[in-house]
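Structures are listed in the sections that come next.
Paired with chain B in one complex and with chain C in the other, chain A is shared by the two complexes that follow.
Let's turn to the complex of A and B:
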């Protein structure tokens, strides 16, 4: 700690602090415009000038000057006030005073400072700028006339988002912020630039002219898209979520959000929301009362036994999932599952065997504390963008080494010194086995490894996985495999990350076992900055696993679908899932759902699946309910309703509770009661209560009982003349729900197929050509996107879309062989 | 959509041979801080920095395209539009100004039908007013590429244009 005097007050601050930080932690306010705690010090605006006695009273910027022992600082002498006033006068020289029509009014740093420093006249005069306002996209408006050149937008886009869409253009008085060749924004649309803009230069257009900042009620919540568990502040007015409000002190991510988190909230108040229960009468869904609908469902479920089955989306709260399970048990059925059944296998089978717990023994916070990251598939950025930001910051700010093992390149591959090994699709388990084999052969395994059960079996099973043997099938050089293995083993702290989800069929139990073996072999587990993080797709995927909402005694999702087709399953209750779009092989799923006698769907929207139902129940979004979500790293967070329920919709908690009551069971009254039960019975959740979760949530501990498990590998045989199609997630979407968000649908409105430049040239395909993609099970038409990231012979397509869905050609195999014609 | 706009803008640019850029980039690819020499190199080769080349440099050097544009616009030495084969510079510094440089400038404007920092449609001439070429004793001064013409007169403007009209473009 360093001792110093600020404004005649004796204070201490940690070494390496700046004057600004030292003042802030001691409760002394220094005004800033260009400084942001998440960004590197910049010192552009000169608002934070202070006097330092040791520097002979010179005025220095507080945000860039480090403190020294005994420093005597004055933050608001008459000279300083005068200097700051002049800074404001100079800024206001070019800044238009259009506050009445500026959306930033009330939330504008420049406005607030002008008010605070009473700058009511200007001694200078100059012309205002006449830059054209960029209205070219519906999400972010850029008005460079209001810009104060603090550079925060360009800096955050580089330092955290690592996209670099914005930069300083030109020089001197002509300097402005813009994109290359003065073009329009063509970026990820995460809105980070909007969130940090101190003035009205960058505005969120969906929120424009909706409300004044001070008229909003800020409701804290947790994002309802992916499993990262980002905290959100929803700006609410008149029972409508009008925007997401940036709060730099919120969550581990300091308020940082991705496109769907920041711009995808519109589904909550969408006019497409279901508002009344619907019952199929004479073939058409017609409005009905809740009593009528629930009676019908209860009558079907009563005593149904194993002829009833349930599928839930892992977007439900933990409490709802527990209640749904109880409902099925009351009906006498053990047939329930989520995420298409296979998408949680990495946790429920893989980690359950390798670690003795169906959860990841690492947290998101480990990313920046590690020395080396091994990311399986560049898609980790696409599936969990805010985790991607953590990786960006780890690599760029902390010098963490980044190794990527993927079937294509991606944004992560562009990070400084990132090593990307692009393997042939479907060979990841073999490559990871070869890494383990190298570690064994080079005697790099930790001393503790041999004592872990299954060591001898693993050693034997890996015999065939020499880097040389795997090099052929994976398309990698044996040297590259060896180098990666040695780097991983040599790193003091190493973390492995991989995404799982509905469209990642290859990311299964075997992949989980394979990476677990690596961590166990080298002992990179259980310490800060080390471990394995399996990133499940939806906001409560880990919770669904923790609540045991998957097949243990009954049928899994795949078997339930088969049961529907064969007639063994007569009643299917689907809560929030949209199997028609998100499960593999659309034709088979549609046929199965057609066949099932009675289909109940509770959902927010009339999805493709809901349209086939006999009873549709309008459910509530995350913004209307209470409960807990568990993130990928088992952070349990409490959400409270931000708005009242839309129309007659009810929460799934109420729906399941009322059905349990109708079946003669005893339903718990509130989610809080159920959370109490969860805390008492779920491993790792012991002792948790709403109060103990607080605003930041609490981690459910993962107790590891290690074992080596030999992963199975499936050889992917190339099909002559065909291309390998891999499926996955688009950066802007998550599941099928983001189709109802304005932001995601603007940036990525429809399905597409990405292909390499070489394949495009060979097949004479141009960008945006409509391609017919055909596999053994069907075909669909998708627009072509030609990108340098795809290797030759490999295609990529995201799965989120109802129209022209990729599950019309994809049957659930890790690699689908397809032909592409124009 | 912005992407479509960007795509359109790219398509409107004339075709450029990227293999020339490749040669320049290959030369500096392993050098730390290679952006400036690469940009200077490609400008020497193409005469200016075409957008397609800037984008290509961004891809190969793994630098944001926006950052490259920032550098290109920061330095006056980079040009984003095609330039003439012959760059005519007329000094308008103090010594040249008092010796009649404004009339020389006007005459060039009239004869070439272009203004300051503009290029003739046939890409033969680019005209620039510059502040001091460092040879005040020869005022008023003009330069065509590396050739110097001192004690300029209005008549000499005709002679210079006549002479350089004869020169081959390749």
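Let's turn to the complex of A and C:
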């Protein structure tokens, strides 16, 4: 710590702090326009000028001057105030005084400082700028006339998002922030630039003119899309969520969000929300009372036993999942599952066997503390973008080495010194086995490895996985495999990351075991910066696993569908899930749901699945309920309602509770009671309470009991003349819910199929051509996107879109062989 | 004092008034002339054939009675305009803060005081009704 004096106050601050940081830590406010906690010091705005006695009273920018022992600093002498006033006058020289129409009015740093420093007149005069305003983009409006050239937008886009869409253009008085070739903004629309802009130069169009900042009520919450567990501040007015408000002090990510977190909130107050219960009468869904609908459901569930089954979305809160499970048990059925049951088998089966716990023994915070990151599938960026930002920062700021093993390239591959090994689809487990084999052969294994149960079996099983043997089937060179293995083993701290979820069928228990073996072999587990992070897809996927909402004694999701088709399952309760679109093989799913005698769906929207139901119950979104979500790294976070319930909708907690009561059971009154029960009975959650979670949440502990498990490898045989289709997640979407968020739909409104330039040239396909993609189980029409990231012979398609029908083609196999015609 | 004097004084005043112009207005045949600063019904000022209001939300913000509802819209030129401007006169206390807060001189208060009506809904003045009052 360094001792210094600021404004006659003796203070201390950590070494390497700037004067600005030291003042902030000690509660002394220095005005600034160009600084954000996450960004590197820049010193552009000159508002933070302070006097340092040791520098003969010269005025220096506080944000770029490091502190030294004994420094004597003054932050608000008359001279400094005079200087700051002049800075403001010079800024206001060109800045239009259009505060009444500027959306930033009331939340504008320049406006606030102008008021604070009483700049009521301007001694200077100049012409205002007349830059054309960029309205071309549906999410971000750019008005460079208001820009104060703080550079925060360009810096955040470069330093954290790593896209580099914005930059300084021209010099001197002509300087402005612009895009390449002064074109319009065409980026990934995470809105980070909008969030940090201190003035009204960059505005969120979905919020444009909706309300003034001061009229909003801010409610902290947790994002309801992916499993990263980003913290959100929802801006609420008139019972509507109008925007997400940036708060640089929020969450491990310091307020950073992705496109869907920032712009995907509209589904909460969408006009399409279901508002009343619906019951099928004479073939059509008609409005009904809650009593009528719940009576019908209860009558079907009463004593239904194993003829009843339940599927839930991992977007429900932990408390709701516990109650749903209890409802099924009251009905006498053990047939319940969420997508973790099969799409998240990496956790429930893989990690459960390898680590003795169905959770990742590493956290997101380990990313920046590691020496080497091994990312399986570059989609970790697309599935969990904010984790992608963490990886960016680790690589760029901390010099963490990045190795990627994937069936296609992605944005992470563009990071400095990133090594990407692009393997043939479906061969990832074999490649990881080959890495383990190399580690064994080169005697790079940790001394502790041999003592772990299953070591001998693994050694024997890996005999056939020499880098040379795997090289042939994976399309990689044996040298590349060896190099990757040696890199991983040599790193003092290494972290493996891989995403799982619906439409990631190859990311199963075997992949998890293969990855776990690698960490166990090298002893890179259980220490800071090391381990394995399995990134589950939805906001509470990990919670669903922790709550045991997957098949243990009863049928799993796939078997439930088979049961519906065969008649063994007569009543199916689907809560928030949309299997018609998100489960593989749509024809089979639709036929199964058609066949099931009684289908109950509780959802926010009339989804493809809800449209087939006998009873549809309007449910509440995350913004209307209370409970806890568990993120991929087992951070348990408490959410509270931000708005009142829409229409007659009820939370799933209420729905399940009322049904339990109707079945003769006793339902807990509040989510808090259930959370108390969770804390008492769930491993790792002991001692937790809403109060102890606070605003930042708490990590549930993971107790690892290591064992080597030999993963099964399935050889994926190439099919002559066919292309390999892999499915997954698009950056802008998460599950099928984001289809109801206007923001993501502006940017990515429909399904598509990505293919390489080589394949496109060979098949004479142009961008946006409508292609007929056909597999053994069906076909669909998708627009072509030609991208350099795809390897030859491989296609990629996101699964989120009901209309695109990718699951008409994809049947659940890790790789689907398809033919593509125009 | 002589007890008769006050009676005489009173009669004198009455007699004087018999020959003065009456102060009572024969309303509605005769209409009062209100003071310039009188705060009657609100009106929206017009400039270039459209309301001057830019929907800055300052009037609903300062309104102590919360009787003003503004919703902004975006016109074809991407400019901000008041897509909805409503004053609920049953709540309004005619304090005039809205006029003072307006940064673009878009709202004023007229001399109109005849605001009685039969239905509650008639007391809600929307943008069109406020624009009619010049």
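In this section, the second predicted complex is superposed on the first by the 820 of 822 C-alpha atoms of A that agree within 3 Å, B and C clash if a C-alpha of one lies under 4 Å from a C-alpha of the other, contacts with A are read in each partner's own complex, and residues count from 1 in each chain.
In this text, a contact is a pair of C-beta atoms (placed from the backbone, for glycine too) under 8 Å apart; a residue touches a chain by one contact, two chains touch by 3 or more.
These numbers come from a predicted model, not from an experiment.
Judged by the touch definition given at the top, the superposed model places A:186 against chain B, while chain C stays out of reach. Once the two complexes are laid over each other on the shared chain, residue contacts for A:553 go to neither chain B nor chain C. Residue contacts after overlaying the shared chain place A:208 against chain C, while chain B stays out of touching range.
Touch criterion met: A:169 reaches chain B, while chain C stays clear of it. In the superposition on chain A, contact is made by A:133 with chain C only, not with chain B.
Applying the stated contact rule after C-alpha superposition, one finds that A:105 touches chain C and leaves chain B untouched.
Residue by residue along chain A, chain B and chain C are tallied for touches, and B comes out ahead. Once the two complexes are laid over each other on the shared chain, residue contacts for A:443 go to neither chain B nor chain C. When the two complexes are laid over each other on chain A, chain A has no residue in contact with both chain B and chain C. The touching residues of chain A, when paired with chain B in their complex, are 136-137, 154, 158, 163-171, 178-181, 183-186, 414, 767, 788. Within the complex formed with chain A, the residues of chain B that make contact are 1-3, 5-7, 9, 51, 54-55, 58-59, 62, 64-70, 73-74, 80. Listing the residues of chain C that touch chain A in their complex gives 54-58, 60-61, 72-74, 78-80, 103-104.
For chain A in complex with chain C, the residues that touch the partner chain are 99-101, 105, 133, 135, 141, 208-212, 214-215.
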